[in-house]
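Both complexes shown next keep subunit A, but they swap its partner, so subunit B is in the first and subunit C is in the second.
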Partner chain A sequence: MADYQIRRCERQLEGGIHPETQKALSTTDSCIFVGDPKRLVFPIHFSGGGPGEALVAVADIVSQGTPIIKCQSGITHVASRAGKVIDIIDHEIAHPAATKSASIIIEPSGLEDQNYLDPLVWPFDADTLRNRAIEAGILGLGGAGFPSFKKWSEGMQTLIINGAECQPYLTTDDTLMRIDTHSMIRGASMLSQSLDIKTIIIGIEDNKPEVLEAIESALKESCSDCFFDVVLLDTKYPSGSERHLVWLTLGIEVPTGSHAVESGVIVHNPGTLAALSRAIDGKPITDRIVTLTGEALAAPQNIVVPIGAPISHLIEATDTNPESLTSITIGGPMMGYSVTNFTAGITKTTNCLLAREVDIPPESPCIRCGACATVCPVRLQPQQMVFALKGGSLDRAIHEGLTDCIECAACNAVCPSHIPLAEWFRLGRFEARDKANDQRLAAKARERFEARNMRLKRISLEKEAKRAVRQAKTADALEKARKARKESA
Partner chain B sequence: MIKRPNYPPMDTQIVMCTVLIALVPGVIAMTLFFGVGVLLNLATAIPAALAAEAICLGLRQRPILPRLNDLSAVLTGALIALSLPQAAPWWLIILASTSSIMLGKHLYGGLGQNPVNPAMLGYALMLISAPVTMTTLWIDPLATPDLSTAWLAYLGQSSDAVTGATMLDLYRTEFRALTAAEASQNPLFTQAHLGFIYGYEWVALAYLVGGLWLIYQRVITWHTPMGLLVTLTVVSAFFSFDPDTATPVWIHLTAGAGIFAAFFILTDPVSGATSPKGRLWFAIGVGILTYLIRTYGLYPDAIAFAVLLMNFAVPMIDQYTRPRIMGRGSSIRGSGGQS
Partner chain C sequence: MTDALWTIGAGVAGLSVIALLGGILLQYASKGFSVDGNPLVNSIDALLPQTQCGQCGHPGCKPYAEAIAGGEPINRCPPGGQDTVDRLASLLGVDILPLDADDATTEQDLVAIIIEKDCIGCTKCIQACPVDAIVGAAKLMHTVIVDECTGCDLCVEPCPVDCIDMIPRPKSPDYWMPTRPNIISSDRCGQIGIQHG
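Entry: the complex of A and B
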């Protein structure tokens, strides 16, 4: 039995909102595997882990687990099913920008042809685990898709399993923590032991009593050396934001502009750790749990689907005709984005497909009521920031704290004037990043220019000096020659 | 694109409507003690405000109906109507109401753009332009006029029997010569139900009830009313060491627009400070200025000028009262060189 405690979080989230959670809609006892789709779509640059390159060519036969994409960060994506590469073309992708991008199309053969990695045998060091995470394509499965191995630096004190799942409608993590508890605990233990972390915190919102039960019984069976600190959080959005979870469970305020890792804390989604556990056994990520929910779906539920399965395939799995929907939201009601083309394949970061009709009331002017500031979990003044952004003053918005915004959209939910504040901030933050990037490039260019000027100056000075020496020599020689002539004369 | 959550909890229209409902107890109390002139004020000011709003929106080529529907003009009209003397003639009401909307609001770009409180701007404009009308046509609650007297006053023929200066004005002028004991022999005090001032005490109480309900409804926060009332109490208590010359604390609180303004005027979000701390400072500033103007200024009630002056200070207050952002060592102060 692992050493553990269960406690209620003593800290309260400042700000935040209590949206109707709508989680009952998709919560099911089991999580079914749906049949394989006719084709799988893997965007080469947008599968997570940065831009990549294809490792296969058209007409290649791949097994389940064959590496097909290698990303800049090193992360490898594998074929989620055995089959044949039928095309590499520009294809629709599930992305907020909703554009087309080069994708590998695989037609599953339905064969049980697996090409897995060799299982790792404990004890192994952190480097071995990092390499395994790279080969198995382990990314943050919570939605951000950050390459997990990059968080695994030395000197970390705590691992937090982020099981808060505070967004309404989503039950992906809830399902995983109930049905795959052992893998999650095992992945967390292995990671902690290889990084010499002693404490693992599991943060869950108190609306998941069944998860708590499952975790408790799994911990009783576990023989991990780590100490497990299970923290029950008040159900309030956005308690699952990384910064807020770190503060709620540990009381550490992650400083502005830095990540939790820089405060000695690793935060992982439960699914990421369960995937890591399987990767240690040799199985790369080929499937994931997706919540299919929303009032517009006939049978909302959680399903296990192969990565790359088209969105329409998932919608069909809920007994709903994809053509009856005009758009679908990927990633939950608060922070998700909508897509209208359902041929795009799901990626490792697709945690939820939400289908519902929402009436957006027309926007009216801001009356500075301050409701947004009251609910802002980072204590920003959204009304002041949006005023600056609408006035075209990005600098003013940044001064007001735009770059500290976590884009949780709690402000949107309470605005009596129905101003899409979070959209403004998302755009503003994008522009701010762009601007910072431009400034960095400009600074670099200036540096290069100045270095070049210095070099040219140095060269010309050297030339000058050489010429002076040469002239002196010539003058000397002339003088000598003159003297010699005079003497001879 | 982020999908909006499907639970619109509040709407500008609902906010305005809630404030209007919260005014009802005050209006009833005022009508009981000051006569139907109060209702005539409302019935004139609100349509005038709506008409001014519609004209301005039309001239500015903005959609008219959605903005009329948000009830903000109705609220401005109601606030100005309740601020004016109860025996005010119709032209004064219309001028006050339309100038509130046109000069106070639309000159700056309409809803959400006004730097100062529109109702107070309209009130201050009338006080400067028509000082006699604005200071002598207040109803004496001991002589509540009947319908015909009120109607005559509305048409501009007010009767001296029912009107006069306000209690604050009396204290500033006539009562100075009296001792505190002599002043307390005024029938308004001797006949008061609750021991304050006949009529005014109930009006203040009614506005207090409405205001507390607004806090309960989370339309306003406690910071603003608390800031004003506490400041006014502390400052006037501090200077009332000589009861024969100073205006008593409870006169400051109940006789003028104190309670009404604390809950309904200072809480205008557009022209007020935006953070809770800022709201507190804003209200404290109004409290101090109100006392100073009431005591040393030319005008008997000073809320309007105090509010307008503090409105101009709001951008600065906002810059120095930001909360500390999570993850930062200290709060951001100043404008950072950004305009």
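Entry: the complex of A and C
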């Protein structure tokens, strides 16, 4: 039995909102596997892990687990089913960029042809695990898609399993933590032991009693050197935001502009750890749990689907005709984005498809009620930032704290004027990122310009010095000649 | 009487020691915390885009920064655009001027590219590049290090075989920018019920 404790979180989230959770809609006891789709779509540059490079060519035959994309970060994405590469073309992608991008299209053959990695045998060191995570394509499955191995630096003190799942409608992590508890705990222990982490915190919101039960019984059965600290959080959005969760569970405030790892804390989604556990056994990520929910679906539920399955295939799995929907929101009502083309394939970061009818009231002017500032969990003044951004003053918005905004959209949710505040902040943050990049390039250019000027100056000084020496020599020689002439005369 | 003298003496001595210590401290501080160059020039230079293109009439951004510090108009930097003019105005507390350039030359992020098969290896462009972004040797092909190129376009003119083009700066294939809000792009706009209380 692993050593553990269950406690209530003593801290309170400042700001935040209590949305109607709507979680009952998609909560089911089990999680069905849907049949394979006719084709699988893998965007080369947008699968998570940065821009990539195709490792296969058209007409190649792939097994389940064959590497097909290698990203700049090293992360490898594999074919989620055995089949044949039928095309590599620009295809719609499930991404807020809403563009087409180069994608590998695979037609599944339905064969049980697997090409997995060799299982790792404990004990292994952190580097072995990092390599495994790279080969198995382990990314943050919570939605951000950050390459997990990059968080595994030495000297970390705590691993937090982020099971808060505070967004309304989503039940992906809830389902995973109920049906795959053992994998999650095993992945967490293995990771902690190889990094020499002693404490694992599991943060869950207190609206998930079944998860708590499952975790408790799994902890009783498992054995691990780590201490498990199960923290029950008040149900409040956004308690699952990384920096808020670190503060709620540990009391550590992650400073502005840095990440939790810089404070010695690794935060992972439960799904990521369960995937890591399977990767240790040799199985790369080929499938994931997706919540299909929303009032417009006939049978909302959680399903296990192969990565790359088209969105329409998932919608059909809920007995709904994709043509009856005009758009679908990927990633939940708060943090998500809409897609209208259902041929795009899901990626590792697709945690939820939400389909519902919403009528969007028109935006009206800000009445300066301050509601947004009251709920902002980062204690920003969203109304000030949005004024600055609408007025085209990025500097001003950054001065107001734009780069600290976590885009939680709590401000959107309460704004009586229906101003899409978080949308502005996302745009602003992207512009700020570009600007910071420009400044970095400018600094480099300045350095090179100055280095060049120094060099040119040095060269001209050297030339001058040489000339002076030459002149002195000539003068010397002349002098000598003159003397010689005098003597002979 | 001697008592009074003592008191005065101690006072004078004490104050002298403090003054001496303060003096030494200040001396060290002025060395240790000294700023390289003119701080005003540096803060002006920090706002300039570092393209080093010379369109302002000076041989680079730093020289223009020095000229501005000496009273030159702040609106002569086309690559910086109106944004830079605005920032300079607010830094220096002077009036905002309209940018002194024709629109075509501004707001375009370009880089130079050498058509390598045409290059004769004359090294003229290497000498022209203000940031050493071109590599190559005499009679050998030259090429532009894209990441270092500021797009100043100073290498285009000197090329005797006209094999340098300016193209838009290539972007990472996963680069994207969110669309401007206010068109209906998502249903994030407060479309969830809130439980009050």
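Definition applied: the second predicted complex is superposed on the first by the 474 of 489 C-alpha atoms of A that agree within 3 Å, B and C clash if a C-alpha of one lies under 4 Å from a C-alpha of the other, contacts with A are read in each partner's own complex, and residues count from 1 in each chain.
Quick note on the criterion: a contact is a pair of C-beta atoms (placed from the backbone, for glycine too) under 8 Å apart; a residue touches a chain by one contact, two chains touch by 3 or more.
Predicted model only: the values in this text are computed from it and were never measured.
Novice: Touch check for A:K466: first (subunit B), second (subunit C), both, or neither?
Specialist: So A:K466 meets neither subunit B nor subunit C here.
Novice: Based on the superposed arrangement, let me know which partner A:E423 touches: subunit B (first), subunit C (second), both, or neither?
Specialist: Both partners, subunit B and subunit C.
Novice: According to the stated criteria, A:V358 is in contact with first (subunit B), second (subunit C), both, or neither; which is it?
Specialist: Both subunit B and subunit C are touched by A:V358.
Novice: Could you say whether A:K220 touches subunit B, subunit C, both of them, or neither, answering first, second, both or neither?
Specialist: In the superposed model, A:K220 contacts neither subunit B nor subunit C.
Novice: Determine, under the contact definition given at the top, whether A:Q383 touches first (subunit B), second (subunit C), both, or neither.
Specialist: first
Novice: Look at A:K198 in the shared chain and tell me whether it touches subunit B only, subunit C only, both, or neither; answer first, second, both or neither.
Specialist: neither
Novice: According to the stated criteria, A:A443 is in contact with first (subunit B), second (subunit C), both, or neither; which is it?
Specialist: second
Novice: Report for A:R243: first if it touches subunit B alone, second if subunit C alone, otherwise both or neither.
Specialist: In the superposition, A:R243 touches subunit B alone.
Novice: Touch test for A:T329: subunit B only (first), subunit C only (second), both, or neither?
Specialist: Touch partners of A:T329: subunit B and subunit C.
Novice: Would you mind listing the overlap between the subunit B footprint and the subunit C footprint on subunit A?
Specialist: Touching subunit B and subunit C on subunit A: residues 19-20, 96, 168, 329, 333-334, 336-338, 356, 358, 360-361, 395, 409, 412-414, 418, 420, 422-423, 426.
Novice: Mind pulling up the subunit B residues that touch subunit A in the complex?
Specialist: 1-12, 14-15, 66-67, 70, 72, 110-113, 269-270, 272, 274-276, 318, 322-329, 332, 335-336, 338-339
Novice: Tell me, which parts of subunit C touch subunit A in their complex?
Specialist: Where subunit C meets subunit A, its residues are 45, 48-52, 60-62, 87, 130-133, 147-148, 150, 172-174, 176-182, 184-195.
Novice: So in the complex, the part of subunit A that touches subunit C is made up of which residues?
Specialist: Residues in contact with subunit C: 17-20, 44-46, 50-51, 95-99, 101-102, 168, 327, 329, 333-334, 336-338, 356, 358, 360-361, 363, 395, 409, 412-415, 418-420, 422-424, 426-427, 430-431, 434, 438, 441-446, 448-453.
Novice: Which part of subunit A faces subunit B closely enough to touch in the complex?
Specialist: It comes out as residues 14, 19-20, 96, 168, 243, 247, 253-256, 329, 333-338, 354, 356, 358, 360-362, 364-371, 373, 377-381, 383-384, 388, 393, 395-396, 399-401, 404, 409, 412-414, 416-418, 420, 422-423, 426.
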